[in-house]
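Below are two complexes that have subunit A in common, paired first with subunit B and then with subunit C.
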Partner chain A sequence: MLRRGCSFLVRSCERGVAVGARSFSADAPAVAAVDSTFVEAWKKIIPNLDPPKTLLSYMRPRPPTPSSIPSKLTVNLALPYSSVISSKEVDMVIIPATTGQMGVLPGHVATIAELKPGILSVHEGNDLTKYFVSGGFAFIHSNSHTDIVTIEAIPIDRIDSALVQKGLAEFTQKLNSASTDLEKAEAQIGVDVHSALNSALTS
Partner chain B sequence: MSSSAAVPFWRAAGMTYITYSNICASLVRNCLKEPYKSEAIAREKVHYSISKWSDGKSEKPTIRSDVAED
Partner chain C sequence: MGNRSKDLLQVEHSHPSSSRESSLLVGKNDSKPLQQKSYLQGNPITVPFPKSEVLGKVKDFIGVISEANRNLRLYAKDKPEEYDIEVLTGNESEYIKMDLMLGIADLHTPESLAAAEAAIAGCQSVINRNSTSSSLEFEGSSEEEEDEEEDDGGEDDDTRQSGSHVRHKDSELQQDDFLSALLRSHQKKKPSKIIELSVQSGSDCSIRSMAMATLRREGKRLSPLISPRPIEALRSALVPYQEEAHGLRYISTQAVRNRMKSVKSIQKITKAMKMVAASKLRQVQSKAENSRGIWQPFTALLGDIPSVDVKKTVLVTISSDKGLCGGINSTSVKISRAIHKLNSGPDKEAKYVILGEKAKVQLVRDSKKHIELSITELQKNPLNYTQVSVLADDILKNVQFDALRIVFNKFNSVVSFVPTMATILSPEIVEREAEAGGKLGALDSYEIEGGETKSEILQNLAEFQFSCVLFNAVLENACSEQGARMSAMDSSSRNAGEMLDRLTLTYNRTRQASITTELIEIISGASALEG
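After this line comes the complex of A and B, so read on.
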């Protein structure tokens, strides 16, 4: 019985490889809006009452990956206390990833990017909206939806340049006088964030 | 298999990502212009009471608060 089990496994592996390695794809399968097994089980026991709505039916289904590259990118920018951009159709976003400024266009490959403090720009036709984000993550899905999550995202005109210069000087001084690893790390973070704020003001 | 991934400097100094992220956010908040800055600071104030439990009994709770005691 176990020997047959092994041969089943080998055969299904070969079949998977032979089909051209399509069995692993980055797409999650679309989730049905109604849990059919629950509904059927309910109807068998209580045929007269309507089955109650489960949480699954309240969820919007994941938008499917279109077969051709869509013309617009749908972007969501979420903070813990506010949803700054919610399902907005734009042409391009430039995100400040730790590996550098990354441009996201419709049809971008699915990516998870960690963000560093920097400028997030949203390009829509001729409109350009810039936010300074304090870090976070950007999830780019294969269906051209992009979710950006961060703790703070502020429009550039709300940055006070005097406070930025003061903070930069203060943390540079702390970095020079820091002794323990933790103090050095905190001072380094301060210097990084304030330099990013400074270049956001001058860009 | 040894994990030789380059660690960020804050991780090497013993800080977790949450701590790093919160420090970055509070630094950014401190650089806001005036009406927005006071709204942001007010929004992030916390007030809670925390107590350790041992042997099924709770010890004296301590109150951690950014709001002044009245």
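After this line comes the complex of A and C, so read on.
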């Protein structure tokens, strides 16, 4: 339900947005992190075939938790279409959690946060990059790695405010005229997204 | 019969009221002429055709030609040399070609020549008359045969007679004129071969001369075969001829040629399919590589533990809809079956959710009752996340699971596809594993941000993880499908090419063998007649 809602409001977002070029993500080299129990059980029953690989073997393992708090935060922002940020060292990230904007600094406690549509800002020294993200998840690990997974993340400067206003008006009207629950829910989501966009633009 | 039709006409005119049938019926009260010829009883009504102009022209022509024949007979008696059509003055502008289609024509490569020579080495003494001149006749007719081979039938001609004329004259000049005249007027499709012939005219002419001599003699035998469609008639005459002659099995050249044509077209098709697959691969590959970032956070958080002990497993097998993509679908199905076996037991069960036509076909055969859901035509529109998330939603709504295992082919490179299994645990199992410690033990240390409870968050997390991993899996499988299709089509083009080479060799062998056989027949016939 969450995803359907996200994808729905993404569609409505994109009317006012020019999507920029996607950066290519680097594929992590395969590291042999094999689940031995599985492999043994496999070999007992199916001796002729090789067991299938698991996703873990395609991932670079994460560094363990350091004893002292590191100075920088490593951020990954992943979309289904690209990895916008991958393993970038930054100072701070502000994520739009369901409870509001949440700042993440190095050494933050391990957290799983669900995201609502809003602004994600990445602070690197004096650089500040703002993205409007549709909902998703953010995992903050204890080793100062932060993974943010969303469906869409668009730089703010690509959003057209006129279209945002128009969309907001449209969805408010739909909400008022909605009859079934489904329509009401969809209209409500549209209104939420557009108002978030609006506040993102004005702030 | 003329009588009868006239009578019929009269009957028509005289009895306009009576029906035609009654007038024609035999045995009725009508006139005797109708009963004259019993075999004409029951003939249908013949209405006389209007006189055509062709008939008039023919009548005129008959008169003219009888006149010309009479004149010719008179003048030819007086001055025979003018009317001798076998005497060539060298100034002819038109002539008629005769296409004998005897298959002797192709004897223009030195190898085949040598083979024929070797075959008739014994008959050398018989051959040595009419050496140089006859070679030209041979070349003439062979050239014609060469060109006529594609045409639907040669025109009847007295090539052999003109050839025999050339035999009378011994001057090389005349022969060259004849040959050059032929060359000029023919407008050869295969000029190179003609040149070869003329070059070889100087070389050993013995075989050809002998061949032509026999050909002249045999011409009478062969002429009934020179019908409007000489090709079929002669070929059918030749083929059983060959087979009976030696007791060996000869495939007809036509059959080999047909097969070569079909193999060549197959090669073209597979080459085209390879190009198409390559272009499709380029498109999907960039998408797949970009999507690889999306499942890594989940795996970083939750790990990927396939050996988790669960009661209900749902196997999502991803395959292609179209075929001709090598062995990737069979591999996926094999792995799925193995995982199914692994996860079935007294208190465990595993069910299938199948994406793609090919896996469905294979799994329906033996595991029909284990299939929960099957989805086809995934790639009708280009793959995007929205479509896959809707699909994931469908699956999640309809199946109960403790663990979801997605089986797909991961795309490593254009030639390497690795079968991979991704595991997604349901929130309850995740909690259970987290409490139990082990790989997921660290999960407890994570705080939950937000007003929702842990189980709700985990529920959302599991759903989101499923859709992201499924998206990546579908893209990777699509890439693997195109890559596998590329390499399958490439290897089949190569095989077709090899087969074509083999067939060409067979064809040439058959052709040369038929030539040799025909030659031997002729030679032995000649020697029999001589001896």
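Basically, the second predicted complex is superposed on the first by the 144 of 203 C-alpha atoms of A that agree within 3 Å, B and C clash if a C-alpha of one lies under 4 Å from a C-alpha of the other, contacts with A are read in each partner's own complex, and residues count from 1 in each chain.
Convention: contacts are C-beta pairs under 8 Å (C-beta built on N, C-alpha and C of every residue); 3 or more make two chains touch, one makes a residue touch a chain.
Small disclaimer: the values here were computed from a predicted structure and weren't measured.
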First (subunit B), second (subunit C), both or neither touched by A:41: second
Subunit B versus subunit C as contact partner of A:169, first or second or both or neither: neither
Partner chain in contact with A:81 - subunit B first, subunit C second, else both or neither: both
Which of subunit B and subunit C A:158 touches, first, second, both or neither: first
Which of subunit B and subunit C A:147 touches, first, second, both or neither: second
Subunit B versus subunit C as contact partner of A:194, first or second or both or neither: first
Partner chain(s) touched by A:136 [first = subunit B, second = subunit C, both, neither]: both
Which of subunit B and subunit C A:69 touches, first, second, both or neither: neither
Contact residues of subunit A, present in both the subunit B and the subunit C interface: 81, 136, 151
Touch list for subunit A against partner subunit B, complex: 81, 117, 132, 134-136, 151-152, 154, 158-160, 163-164, 167, 181-182, 184-186, 188-190, 193-194, 197
Interfacial residue positions of subunit A with respect to subunit C in the complex: 1-4, 7, 10-11, 22, 24-25, 27-28, 35, 37-38, 41-42, 45-46, 49-50, 52-56, 58-59, 62, 76, 78-83, 86, 97-99, 102, 109-114, 136-137, 139, 141-142, 145, 147-149, 151
In the complex, subunit B residues that touch subunit A: 9-10, 12-15, 20-25, 27-34, 36-37, 40, 43
Residue ranges of subunit C in contact with subunit A within the complex: 286-287, 289-301, 303-307, 334-335, 338-339, 341-342, 385-386, 389-390, 392-393, 407, 410, 418-423, 442, 445-452, 457, 460-461, 463-464, 467-469, 471
